[in-house]
Amino acid sequence: MLRLSSLSGQRIPQSETFQAHYGGGEANVAVSLANYGHEVYFASKVPENDLGEAVDKHLRRYGVSSEFVLTGGKRLGTYYLETGVAGRGASVIYDRAASSFAEMTELEWDLAKLFKNATIFHISGITPALSEAWQQLTIALIKKAKAAGCKISFDVNYRGKLWGQQAAAAFLKQVLPLVDYCSAGKMDALYLLGIPEVNGKSENEALVYYYQEMQRQYPNIQVFYSTLREVRSASANCLQGTLWQNQQYHESQIHEIEPIVDRVGGGDAFAGGVLHGLATGLSSQETIDFATAAAVLKHTVHGDCNQFSQQEVLAFLAAGSGRIVR
Amino acid sequence: MLRLSSLSGQRIPQSETFQAHYGGGEANVAVSLANYGHEVYFASKVPENDLGEAVDKHLRRYGVSSEFVLTGGKRLGTYYLETGVAGRGASVIYDRAASSFAEMTELEWDLAKLFKNATIFHISGITPALSEAWQQLTIALIKKAKAAGCKISFDVNYRGKLWGQQAAAAFLKQVLPLVDYCSAGKMDALYLLGIPEVNGKSENEALVYYYQEMQRQYPNIQVFYSTLREVRSASANCLQGTLWQNQQYHESQIHEIEPIVDRVGGGDAFAGGVLHGLATGLSSQETIDFATAAAVLKHTVHGDCNQFSQQEVLAFLAAGSGRIVR
Amino acid sequence: MLRLSSLSGQRIPQSETFQAHYGGGEANVAVSLANYGHEVYFASKVPENDLGEAVDKHLRRYGVSSEFVLTGGKRLGTYYLETGVAGRGASVIYDRAASSFAEMTELEWDLAKLFKNATIFHISGITPALSEAWQQLTIALIKKAKAAGCKISFDVNYRGKLWGQQAAAAFLKQVLPLVDYCSAGKMDALYLLGIPEVNGKSENEALVYYYQEMQRQYPNIQVFYSTLREVRSASANCLQGTLWQNQQYHESQIHEIEPIVDRVGGGDAFAGGVLHGLATGLSSQETIDFATAAAVLKHTVHGDCNQFSQQEVLAFLAAGSGRIVR
Amino acid sequence: MLRLSSLSGQRIPQSETFQAHYGGGEANVAVSLANYGHEVYFASKVPENDLGEAVDKHLRRYGVSSEFVLTGGKRLGTYYLETGVAGRGASVIYDRAASSFAEMTELEWDLAKLFKNATIFHISGITPALSEAWQQLTIALIKKAKAAGCKISFDVNYRGKLWGQQAAAAFLKQVLPLVDYCSAGKMDALYLLGIPEVNGKSENEALVYYYQEMQRQYPNIQVFYSTLREVRSASANCLQGTLWQNQQYHESQIHEIEPIVDRVGGGDAFAGGVLHGLATGLSSQETIDFATAAAVLKHTVHGDCNQFSQQEVLAFLAAGSGRIVR
Amino acid sequence: MLRLSSLSGQRIPQSETFQAHYGGGEANVAVSLANYGHEVYFASKVPENDLGEAVDKHLRRYGVSSEFVLTGGKRLGTYYLETGVAGRGASVIYDRAASSFAEMTELEWDLAKLFKNATIFHISGITPALSEAWQQLTIALIKKAKAAGCKISFDVNYRGKLWGQQAAAAFLKQVLPLVDYCSAGKMDALYLLGIPEVNGKSENEALVYYYQEMQRQYPNIQVFYSTLREVRSASANCLQGTLWQNQQYHESQIHEIEPIVDRVGGGDAFAGGVLHGLATGLSSQETIDFATAAAVLKHTVHGDCNQFSQQEVLAFLAAGSGRIVR
Amino acid sequence: MLRLSSLSGQRIPQSETFQAHYGGGEANVAVSLANYGHEVYFASKVPENDLGEAVDKHLRRYGVSSEFVLTGGKRLGTYYLETGVAGRGASVIYDRAASSFAEMTELEWDLAKLFKNATIFHISGITPALSEAWQQLTIALIKKAKAAGCKISFDVNYRGKLWGQQAAAAFLKQVLPLVDYCSAGKMDALYLLGIPEVNGKSENEALVYYYQEMQRQYPNIQVFYSTLREVRSASANCLQGTLWQNQQYHESQIHEIEPIVDRVGGGDAFAGGVLHGLATGLSSQETIDFATAAAVLKHTVHGDCNQFSQQEVLAFLAAGSGRIVR
């Protein structure tokens, strides 16, 4: 996808310039993992024009293979971001109608080749939200991946502007029994999985409960993870990562982030960090610490994708906040 | 007026680039009201050159009629703004000498046409500060407007760089008996209206007292309003709106604004919000809440004028601070 | 429409920034006419979001009424422009699939109100190229306009990326009998109107012949006009305007334009100049001189629309090329 | 003076950004001479604010002493430049009303100190055009300088936007008898000095005649100089320098300049080059070659002032046009 | 290497901003070939910091493998480019002292791996100019490559700022007997290979003679190629490609390039085009036409490297100059 | 030195643009003192190219004499700064290998002239860190300065990326007996002067102890000073200045700085303020208040050097934080 952002402090109707960034949930996770040294392939479909070419160049720049990026269709999915500041939240105009990817109706990749030697297949809930066809294709892809021996990583990533809660919930019922690693939190538990709200507990204690309940529903899922985010303003957030694994709850320290340069992609950087931990055998605590640090760093750079190596994320964890290195 | 601003983090003598914004107290109020769907006319005088043309285009862009913007005279009133950051406050270089508007010596508009069907006439205390002629013209304009059935809205807006307290106080004695809606606060009460300072009260309680005293002096005034602003730094303020109407004091919640993108025009957005409430029959509380929210939002965008619709101001009030909408 | 342009000297896949300009054939003609002091209304449909709002602001800024700009539908028609330089021509990526305007299937305006007191209705051949529905709607609109007493102005404006020659030719057969003022040139005559090519003549003499033949086919058309453009490079063109009226051929001087700042909208500025001449009773020679000068000036500014007043176009004609005025 | 320029390809009413450059005729000559290693002092008056400070910093950066730049008065003289492109000439909005310098009514410098050890005093005809007071002050300054042993350098520099031909001619009658080095050309001869036009000669031959006639009127003047400029467009000029000294006419080669980056200050770079030649005892031919080369180079950089050292000007003369040095 | 360029129209001492581009002769050739679909590996050494990382990202973005880019050493080779305009030529400040690559003293790559399956090894004369060690390493690398079955491509690329003619000539004597494809022209023939100048011939005829003589000296070389460039100014050049193969001379059409956006890398794009023709079996004429077109297109984009696919180069050849495609 | 900074929110490998600022520890102190009206000379060595010229222009702009800036050598010392934001600290890539200054091996200035009439000689610990030669040259310079009657000001300014603690400590043993004014704090005391750490005290009390101990070691030193900086994040710091003079400890108020625009040069602005106080006979308390205020203001502007006059620093101290002046 192409993101076109207004400059900070400008509304979209005032804007004479837009910043262009390429990304999207799965692509951002792919870049994170490539940054950490994993071999990563991204599968999508883009139009056969210079915008499609730009997607390829973006992926390759960060070391992600574009071998499975198909070309064809009418247009590249796009969205406009009006960057938020202080009390004014960011706002997004989705402009994905008729995109090459959204209009796919069959799996055009050579699936045997796609999943050959792959160990993790990651996909987000935005994909099935694009069309009914994509709900079926998502399930089909996951089944093929599973058959090929992949772990299935799924990020619920519910977007109310794309589909209703009911449709999303119905889809989750189909997909979650197939999933190994699942990014889902309190809101997903309440509104998509039908888990009753718990009261009288701290936010973190409640989250443990929701993880337990989700685990009960889907014993097949090995890991749940999500962030607790306190939105003080569009420019200042507190972020804490949480992870549920082996019936144990783990949480990172709370990071204050102020000012936020660009929040988009923070969740994807978090997911990328969790998958890195799982793929390399970090402990649960190391995993959640690493993933949260990666997410925090992402907030300090423009663009959708994480720009930090494994070494830099670890250095950030070690050094604490904001010291100049010279 | 033309504002030429340095980029953030640059002093004026370093600046190789200035950002140009058109505005000015009354023009900013006009834009706010047009944003909220009112029919608004702006009356002024600009030189017959491309800068004058730019003023017209600015007004029309926001739906304000430029029918009463006269052309002629020597130059467009200008000021330079060095944007403040952190502990360094903004600083302003006024460059209004010999401006087309400041050098007017008679009312060159067709006044019958100007005020036809108008319901509110708004003017600020900057206008009479420009020249002695403008002190007389201001009174004359207000009397004509009143005769034509307009409510008179006056924003004291005292600027020490333009005239002395004594001159301003003398002028206020003439103008306030004619005014219906008045933006004035503690400083105006103390230094321009001669109301003795009250001690031992909270800031808000003291303000109630000043409103009462001002009301006592000018029983003709239906509404007083002003903001309480805590300046933590040039980049972080707290803002609370207050309104005195029907012998009652109303105040909004306190909004934290950090970081401030551009503070100039915040007071005008506030005045615009108050006039919108008065013009559409909002309750006092709704009015002050709306006006304060509008003022807060203004701080998050570059340029002098409010960029938000009625619906967006209300959404901001409803949603709280800084959430991303997607 | 929204145009997103790369910076000069950058290809689209390299671009981290796009310049945003709002425009489109008919909108550009509207702005030209408003610049010359005419009362102009623009009718279209845009999505109900900030991009739609930006279209309104653009029109109002230049004094064009946005009263008939409807809101609704999925997205704003967009295109990407890679600016050409030297031997590298500009290239365009159309991104209009599923646009609010393109997907209209009925005339949603209050047509009685739309055409009330209108004297000219201008539309281009890009509109019927958007969909089959729009071919019918175009004819319907033109008939309504004609019935309301408008002169019908039609710019053939054939775009091979939008429809084939055969479809365009078939549509022209329907529309041209209804047209009063028609922008069409040699290519249109040859490939869309089926007029046989003439050889052994100068380019200008041949054009006289094509005008004669087109006039013969459509005696109802009062004026034909088009430009002869010699493309030396993407940065240097020669431009000459031509007009056929009352069985007479008129041509402007040849203008060299180097460097070209932005060629897009040059044809619309030309059409706007011709309509201005027709609407104000200029002679044919004055009309073609004025229109060509306006088109030339357009090439020297960024953005789709003409930025020059009648007085400035005339001053350019009088002064000759490139003198500094001080 | 402060120049505020629109970006290339943008008209002033579209401009959201202006480029700031400090300069002015005499200041630009001063910078040129400092670039060539001369000790140079600039005398003027600027307001006591950050814009005045910026003028000082500008001069010092280029090695010109700001010791005689007085502070006081209301504002800094300003002008807006809409950069010309192709056939569209640049246009200027003077905004000098009430400037600190223009409103001077007496010579506020310590004149003994000002002229101590000075060898050349340079002033242009723009200064006396600012006010009647400045006509008298100009004469007074020149007489003082002459008494102190300076050569008097005067650049006629007639600006029709500042005063009429009659007033300028009357002033020239007073000043030229005091002048040693005079920048004046055909237009000055015809319209300000009343020399009858000559026909039937080439432009260069005619210029010889005008120099002869001016010399006849003012035998005290040792050197006349001016440029012949062919304005092909705002982006392409041909420039040739000419010099009259010891009853001999000298001319440089003709330089083509395309594209022109910034023409403002070209004449001042030329004058600076001539004065450099005169001050260092170059031959007439060397002087005119050097001065013209300096003027040509000035056209290739943004800003009012020459950015080239003596060595760079000479290297340009030696190397010919446009080779990359690596 | 990192190139830091001033903005057009600005001298380096004025520059507050530099544009960063990564490139260098061999890297630019590598990018060209990757654009045309070849599998390309680039071998170099960069420091282990973010500038080194940027080099990797640059290469990968364009599909060049960075597998053989070693890390270590003190700094990245850098140069500053003051972009030329009109008569003012570009000027370069080399800042390569102590660079990681220049200070290499042995071949640190796994040479067996480096040359495995490689078909062409390309290197330029800038590399041996960096140090005496690099003269020996260059020869050693070439011998290894030859032994591994590569064709040896060598671009003489003499830079007077890096070494003297004598040293270069001595080195050429060693290297040319090993070369298969050689970029060398008249200047190289005269000053480095000692071929006597021929007079009384056209430039093209003379070049045939120089190719013949060079061929006579080095019968092992299969192809010679170079461009004839007429430098009208820094902004306007004419370019013609020439090729000598099988004792036959071939030349492309002459391309006018105006304005030039960025000339740096034009020669590398030319070399890349020639190697593409040789690698894919194009005829000599096709090869020289393709290579020249690629070089011309390069001049129209910022940055060192060719941004065009094979299809785009062919489309440019077919379409002629500067037409808009829409 | 030349600093090349990434834009805020961008990492170096993403950066297509770098901001150029000239500075360096001693140069920044020089500019501060010139801002306050002192006569200041800066001694260094720069290459004879446009980057060297830019250094001269930078110094002169701020009123620092460049008379003792020698030219010669290979390159200008450079460093790259990735601006920190929120939790991500700034990071620096030093690129000083082979710089003209670092490679000096003898004192090339006319030392008699250099120190004539000078009252203070200031140098920082970065200079001896550049090479062993510079350790000896530093001592030699200081001895010459002392002999000429200068007070010796030395800023320890330890940079771990340039030399080890042992080497630095050994050097300090040589230099400190010669010093009059010394910028050194807790870290220097602990790791370079071998003073044992004190526990159980507040940070300020501990600092008093370290000053006492340093004073005991070097009774010749008249003044010690340093800042206490609490790094909340790269964007928010608290800063307090401290001064030890006449066996007395003085401290300024604590300033919060948020957001930080550019932290580099803050310490130099502090040193400049202290030297100003010492040179003009301010009291210890006035000195530390002034110096700290200057350091705080520096954080609010881009670039290495202080941009504030004495009057502006005092106004900041008087007015408190962040009020707009109009």
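Observations on the model:
Residue numbering begins at 1 within each chain, and the chains themselves are lettered A, B, C, D, E and F in the order written.
We adopt the following convention: a contact is a pair of C-beta atoms (placed from the backbone, for glycine too) under 8 Å apart; a residue touches a chain by one contact, two chains touch by 3 or more.
Bear in mind the structure is a predicted one, so any value in this text is a computation, not a measurement.
For the pair chain B and chain D, chains touching both partners: C, F. The chain with its C-alpha centre at the largest distance from the centre of chain E is B. The best fit of Cα atoms from chain A onto chain B calls for a rotation angle of 120°, in steps of 5.
Ranking every chain by how far its Cα centroid lies from the centroid of chain F, the top place goes to C.
Of the two chain pairs considered here, D-F and B-F, the higher C-beta contact count falls to B-F.
Computed from the mean C-alpha positions, the centre of chain C lies at a distance of 45 Å from the centre of chain D. Mean C-alpha positions place chain A and chain D at a centre distance of 62 Å. Contacts with at least two other chains are made by residues 11, 13, 16, 57, 91, 259 of chain A. Chain contacts in this assembly follow no simple pattern; the graph is neither a line, a ring, a star nor complete.
Across the assembly, chains come into contact as A-B, A-C, A-E, A-F, B-C, B-D, B-F, C-D, C-E, D-E, D-F, E-F. In the complex of the two chains, the chain B residues touching chain A come out as 255-262, 296-297, 299-303, 307, 316, 319, 321-326. Residue ranges of chain F in contact with chain E, taken from their complex: 4, 11-13, 15-21, 49-51, 53-54, 57, 74-76, 78, 80, 82, 91, 93, 95, 97-98. Every residue of chain C that touches chain E in the complex is listed here, in rising order: 8-11, 13-14, 84-92, 94, 159, 161, 231-236, 259, 263. Across the interface of their complex, chain E is touched by residues 57-58, 60-63 of chain A.
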